[in-house]
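We call the chains A, B and C, going by the order they appear; numbering starts again at 1 in every chain.
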Amino acid sequence: MIDRNFLIASLSGVLFLMFPIKAGAQDAQAVARGQYLARAADCVACHTNPADNRAFAGGYALQTPFGKLLTSNITQDIETGIGGWTEAEFSRAVREGIGRQGQHLYPAMPYPSYTKLTDADVHDLWLYMKTITPVKNRVVSNQLPFPFNIRAALIVWNLWNFRSGRYVDDTSKSKAWNRGAYLAEGLEHCNSCHTPKNLLGGDKSSQAYRGASLQGWYAPDITNSHTLGIGSWHKDDLKTYLKTGSVGPYVASGPMGEAIENSTQYLRDGDLEAIATYFSDIKGQEASLPASLPASDPRMHQGKAVYEMACAACHRSDGRGVSTMITGFPANRAILAPVKDSILHTILAGGRGAMTHENPTGAAMPSFSWSLSDEQIAAAATYIRNSWGNNASAVTPEEVKAMRRTLQFRQVGPVPDDWSLSGESKPDLSAHPAMHP
Amino acid sequence: MTGYAGTAKAGVVKEKLPWEPGSLNAPVHGVDPNGPTYLTPVERRLLTAIADRIIPSDELSIGGAEAGCVTFIDRQLAGPYGRAASMYMRGRFVKGTTQQGIQSAMTPAERYRKGLHELALFCQRDTGKAFEALPPEKQDDILSRLENGRIAFPSIDSRIFFEQILQNMREGYLADPIYGGNRDMASWKMLGFPGARYDYRDYMDIKNQDLGLAPLSLRDRTI
Amino acid sequence: MTRKRPKADVVIVGLGWCGSLAAEELTRAGLDVVAIERGPWVEPAIDFAPGVDTDELRWDTRRSMLLPPAIETTTVRNTRFQKALPIRDWSINEWGYNAGGSGTHWAAMAWRFTPFDFQPYSMTVSRYGAKQLAEGLIVQDWGVTYDELEPYYDRFEKIAGISGKAGVLNGQIMQGGNPFEGSRSSEYPLPPLKTTHLTDLFSEASNALGYHPFMVPAGNTSEAYTNPLGIRMAPCTYCGYCLYYGCGNWSKSSPNACIFPALVQRSNFTVLTDSAVLKATLAPDGKTATGVIFCDKKGDQWEQPADIVIFSAFQMQNVRLLLLSGIGKPYDPAKREGVVGRAYCFQTVSGANLFFQDKKFNHFAGAGALSAQIDDFNGDNFDHSGLGFIGGAGILVVSRGSRPIGNADFLEPNTPRWGAAWKKAYKDAFQNATGIFGQGTSYSHDEAYLDLDPEYTDQYGQPLLRMTFEYNTNDRRSAQFIEDKSVEIGRKMGAKTVIGTNSAASSFTPYNFASDHTIGGAVMGTDPRTSVLNRYQQVWDVHNVFVLGASSFPNNAGYNPTGTIGALALWTARAIIDQYLKNPAPLVKA
C-alpha cells in the first residue's frame, strides 16, 4: 500500500481553501468536526492534482510499485465526483474499500486504516464533504498494467491484508492511549509508511512501526526502542514535532514534512498528546549497534573533507545544526537508521523542512547531485553516521548510485534565461575595486 | 494555485514557498567541455600566444594557455556573454564622454573577431611575422602599445580590444575551474585563495596567519 | 488587449524589502494584497545554495542576480547641456531582479540615520545660520524625525535579525557602540559579528587618534536567531560570498530569509512574478489611482485594479513609474519648478588605499557587513564652522570577503596590469592591500535631477529614465576633508603605502562602483512645492499612491540606506492601517 506522502516528485504543498460552509446552523459544528477529521486523514493531499490544484478534484498520479493510479474526484460534482452518492455509499468506500458500483478500490486509498473510524466520525466527514464545491473532472483511476489492473485481484489482497472493523478500545489502557491509537491507526494512518510491508504491500503487523523503506525514503522506526526508535525522546517531543515540524535537532522534511504541514499541525493539543501517549507504548526491538568507524579510516578522512566543504556551513562542523531549523546529527536515529534511503535521498535531491504556522521557516537543503560524486556522497554520509559519538554502518558508492537511479531527476537546474551569466564587466574604474560600502 | 508555477507567463506564488526535489540552479553556460565554442583555429593560436604573455608561466604558476584561459574565453564567447545578452544594445550608438562609458554596437564576440584579425594583419605588416612567431619581448611590446593606445586599428578601438582581452584572460585564470580555465586551481594556489569554501567560523579567531587551507572548486574531485 | 485580474485591496509594485515589509503589515491587518515582481521567484536552496553560490564569475563578475541593462537601464550625463547616453553595461544601477529585490544580493549593512539626517535644514540653520548652505544645494527636512521612526527601526532590526552593539540606549552612552547614534529603545537583537585583523587594526588606530570605533550593525547573524514572525535564521559562516550573492544558509537578512516563509503562507497574499509594471492607471479626475498595468513574461498585458497602489521598486524605477503614470509634476531645472525627479542625489566616497607588508589579512573570510567604523566625522557630529560644507562621512574598513577576479586591479600605483610583474604584485596585494572608505552624506543640487529620456526606450517602447548628475561643491569639499582623515588613520594603522582616494575629485561616472547608493527623485517633505510625498510617503496629489524606498530621501546620509528604507516602509504601512483605511484621504493637509 502506497501513501501519497511517499511520492518523490510530489507537489510542494496543497492549498487549503477556505471552504464555504453551506450546511444549516445545526450542522455547522458537525461540519467543522468533519473538516478537522478530513485534515487528520489528509484527504486533500491525495485527492488534489498539483498540476491544477483544484482541491479534492482528484487526478493525482500515485506511483505504486505495481504501477500508476490516479486519485478520484471527491468533490460534490454529480457527474464526475461524489455528488450523487449516498452516505452509505460514502461510508462503504471509506471504510470497506468498495466503490459505488461495488468495485474494489485499490488500497492506495488507506481504507484498511479508515475502517477503524466510528460511525459518528464518518457522518461528520460526510457532512463536511457535502460542502465541497463541485468540480467537473473525470478521472480514470486505474492506470495499472496487467495483472494489477484486475480489480478482482483485490479480493485476494483483502483476504490477506484487510480486516474490516471499527476501532475497539483496549480497556486495559488509558483514555488518552485509546484516543491516540484511534488517531494513529485510523485517521492518520501512520502505519502506511512506518510499518514494514509484506510482498503484497500489506502491513507486517508483528513489526508495527519498526520502520519501512518506500519510494526512495525510509520512514524510520517510531517505536519506543532507544537504539532504533524514538524511545529516548522527551515526553512532549513528539507533540512538538507533529505540531511545529521540528523538535531540537529533528527537522521533518520529505513525506513526513508534508504530513505535518497538511495534517498533524492542525490537530488539537489533546489529540497530539494522545498520539504521543500511544507511541510511547509501542514496543520496539533494541539492537546492538556496530562500532564507530575510526577517524583513521580513509572513508572517514575523505568524508570529513567533503563534510567541511559541502555540509558544515549549515550543519556546523560539530554536526549539531541549528535547533528547530537545520538537522543535527549526533544521536539522530533517523540519520543512523540501518536503511540509508532518507539520508541519500536528501543529499541527492535536497529537502525542505516542514513549514508550519508555528515554525514557518521551511529552511531547505540543496541537492548535491550536481556537485558531489557517488564516492564523495558515500564518504560524507559515512562520516556523518560515525562522528560525534555516532555509530552506524558505512555507506557505499554503489548505494548512492542506486539512489540516483531511483530518483531520476534532472541533474542540472533550470536553464537560466538568456541574459543570465551573460554580462560583461569592464576593468574597474573605481579607486576601490569591488569593495564599495 | 500554490507554490510556483511559471514558465511562459506570470508565475504565481501563493500559500507555499516553491521548492522541488532535485532542482538546483547550477551554472549552465561555459561549463560543458563539449559545449559550443566560437573561435577559429587561427584565432585560438593567436590567443594562445597572447595568453602566455598576459599570464606567463613562472615560478608562481603555470601560464595562461596551460591554465585553460583560451578554452575559457572560447566558451564564454559562444554563450550569452559573447552576444552581450545582458547589455543595453539599442541604438543609436553615439560617441559620448568618458564618463558615459563605451557606446559600441559591437559584442564581445565580434570584438575578438575583428581585433584578432587586425592584430594579425598588424604583426604581418609591422614585423613580417605572425604574432605567435615573435619572441616574447616583441610580443610584450606590441601588447603594451595596444594597452596604451599607441597602435591604431582601422575597424576597432585597439584599447577597448586590449581591455576586453585583459579582463577575460584574468577571468579565465582566476575563475572557478568549471569554466575551463584556472587548471588545478593554479591561480588560487598562487594567491592563497581557498576557493569555494562556505564556512570560516572555525578560523575567524586565527588572525594575521596563514590558514593553510587548500583551495576547493565548485565540483571538486581532489577530495 | 488588456486583461483584467480580480481587484485587490492593495497592489505592491516590486517585492524587495519595502514591498515585503509593507505586505507583512498589510496582510496581517487583513488586507488582500497582490505583489507584482519583475524578476523570478528565487529559493535559497535552489538558486544560491552553498553548492552554486561560491562562484565569483557568475554572481559577481557577471552580476547574474541583478537586473541586466538589456532589460532596463538609465541614460546619463553630467550636465543638462549634454546629450545623455544609455548606460549599456553593469554600473552603479544595481537593481534587484528577483523576489527579494536588492535585499537578496545586498551586503547587509543595516544602519539607522542620525537625527540630523532627517532635519538637516532646521538643524544646520539653528547651529550655523543659513549662510552655511551653499547656493543651489537642496537641503530640506523630511517631515519625519528620528524619534518618530525609532520604533520602526527597532521593528526592522528585529525582523531582519541585526547584529550590533548599541551606542546610545535610552539616552545612555554604552561602551563599545556608536556614541553618536540616535538613542535606541532596545539593544540589537544579536551581538556584533566577530572582528578581523583588519577591523582590529582600524579600531586600535582610530582609538589612538581619539576617535570612537565600533562594529557596524550587520544583517549577518552572529548567532542563530528567531525573528518576531517565528522564522529561524542560521548563524553566519563568514564565507565572504555576500554582496552580489544570495545567502545559501539563511544567515544574511533578506526578505527571502526573514519574511517570505511567514508571508507566503497567508491566503490573502499573492505574488505575481516575472511581470513588469508599466504604469499606474488614474481615475478620470486624476486624484486617485485605480490600479496598475503590467506585462507578463509572454508579453501579455494585464490590469491589476486595487484601492491602494504602492510603488516599492528600486529608487530609479519608482521615479520612472511616477513619470510614466503622470503622477506629480515633473521637475523643470530651468524654472526650478516641479517635484518629480527633483532632489536626485548620489553619494561621495573618499578614503585611502592601504598597502601593508607581510600581512595575512585573509580577506576572503568575512561577511557583507563585517566592518569597523568611526562616526566622529559623520553627519553633524563635529563642528563645521569655517569648513565650507555640511555633512561628512562614516569612515570604515570592510572585511566583506574578497575574491580573485574583482581585486585583480587593486594594486599599488604604477604596477603593471599583466605579465610576471602583475602576478607577483597581485600575489602580494591579495593579502596586503585594503582600503578605508568614507561613505558620504551627500546633498542634491538644483542641477541634479531625473526625467524621461527623449530618445532611448526599453523593450516596451517606454522612455528610459535620464539622470543628470555631477558632484557639487559641498560634495567635493566634504569628500576632500574625509580623504584627509582617512589618510591619517591609514598611516596610523601602519600601512607601508597610503594613497588617498576620492570619487568626487573627478566627474561623476556610473562606472565608478565606490558606492551604489543612489537616492531621491521622489522625495518626502513638508511642502508639496518641494516634495512629491508627504511625511507618510503618500503622494501629495494622488492620495492612494504610496512610494517606498530611497527615492523618498531628500538627502543621503553617511550610511547605507536599507535600515532607513525598511523603517520608513513600516512607518508608512502603519499609517495606512491606522489612519488611511479609516479615512482614505491625504494624511497631511497640503
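Everything that follows uses one rule, which is that contacts are C-beta pairs under 8 Å (C-beta built on N, C-alpha and C of every residue); 3 or more make two chains touch, one makes a residue touch a chain.
In this text the structure is predicted, and so the values were computed from the model without any measurement.
Taken pairwise by the contact criterion, the protein chains are fully connected, each one touching every other. Distance from each chain's C-alpha mean to the overall C-alpha mean is smallest for C. Counting C-beta pairs in contact across B-C and across A-C gives the higher total for B-C.
Taking each chain's centre as the mean of its C-alpha atoms, subunit A lies 43 Å from subunit C. Separating the CA-averaged centres of subunit B and subunit C is a span of 30 Å.
Residue positions of subunit A touching 2 or more other chains: 312-313, 350, 352, 355, 362, 364, 366-367, 370-371, 413, 416, 419-427. Within subunit C, residues 43, 45-46, 49-52, 58, 61-63, 68, 70, 89-90, 235, 237, 239, 248-249, 261, 265, 267, 403, 408, 509, 511 each touch two or more of the remaining chains.
Residues of subunit B found to touch two or more other chains are 14-20, 23-27, 81, 85-87, 101-102, 166, 196-199, 201, 218.
Contact residues of subunit C toward subunit A in the complex are 43-46, 49-52, 58, 60-64, 68, 70-71, 89-90, 107, 109, 224, 229-232, 234-235, 237, 239, 248-250, 261-262, 265, 267, 349, 351, 353, 371, 394, 396, 398, 400, 402-403, 406-410, 435, 437, 439, 501-503, 509, 511-516, 560.
Listed in rising order, the residues of subunit A touching subunit C in the complex are 18, 310, 312-314, 322-326, 350, 352, 355, 357-368, 370-371, 413, 416, 419-437.
The touching residues of subunit C, counted against subunit B in their complex, run 40-41, 43, 45-58, 61-63, 68-70, 73, 76-78, 82-91, 99, 194, 196-197, 200, 235, 237-241, 248-249, 260-261, 264-265, 267, 269-275, 296-298, 300, 302, 359-362, 364-365, 403-405, 408, 417-420, 423-424, 426-427, 430-431, 455-457, 507-511. Residues 1-3, 14-30, 79-81, 83-87, 101-102, 108, 163, 166-167, 196-199, 201-202, 216, 218-221, 223 of subunit B are the ones that touch subunit A when the two sit in their complex. For subunit B in complex with subunit C, the touching residues are 4, 6, 8-20, 23-27, 53-56, 58, 60-61, 81, 85-90, 92, 94, 96-103, 140, 143, 147, 166, 169-171, 174-176, 179, 187-188, 190-201, 203-205, 207-211, 218.
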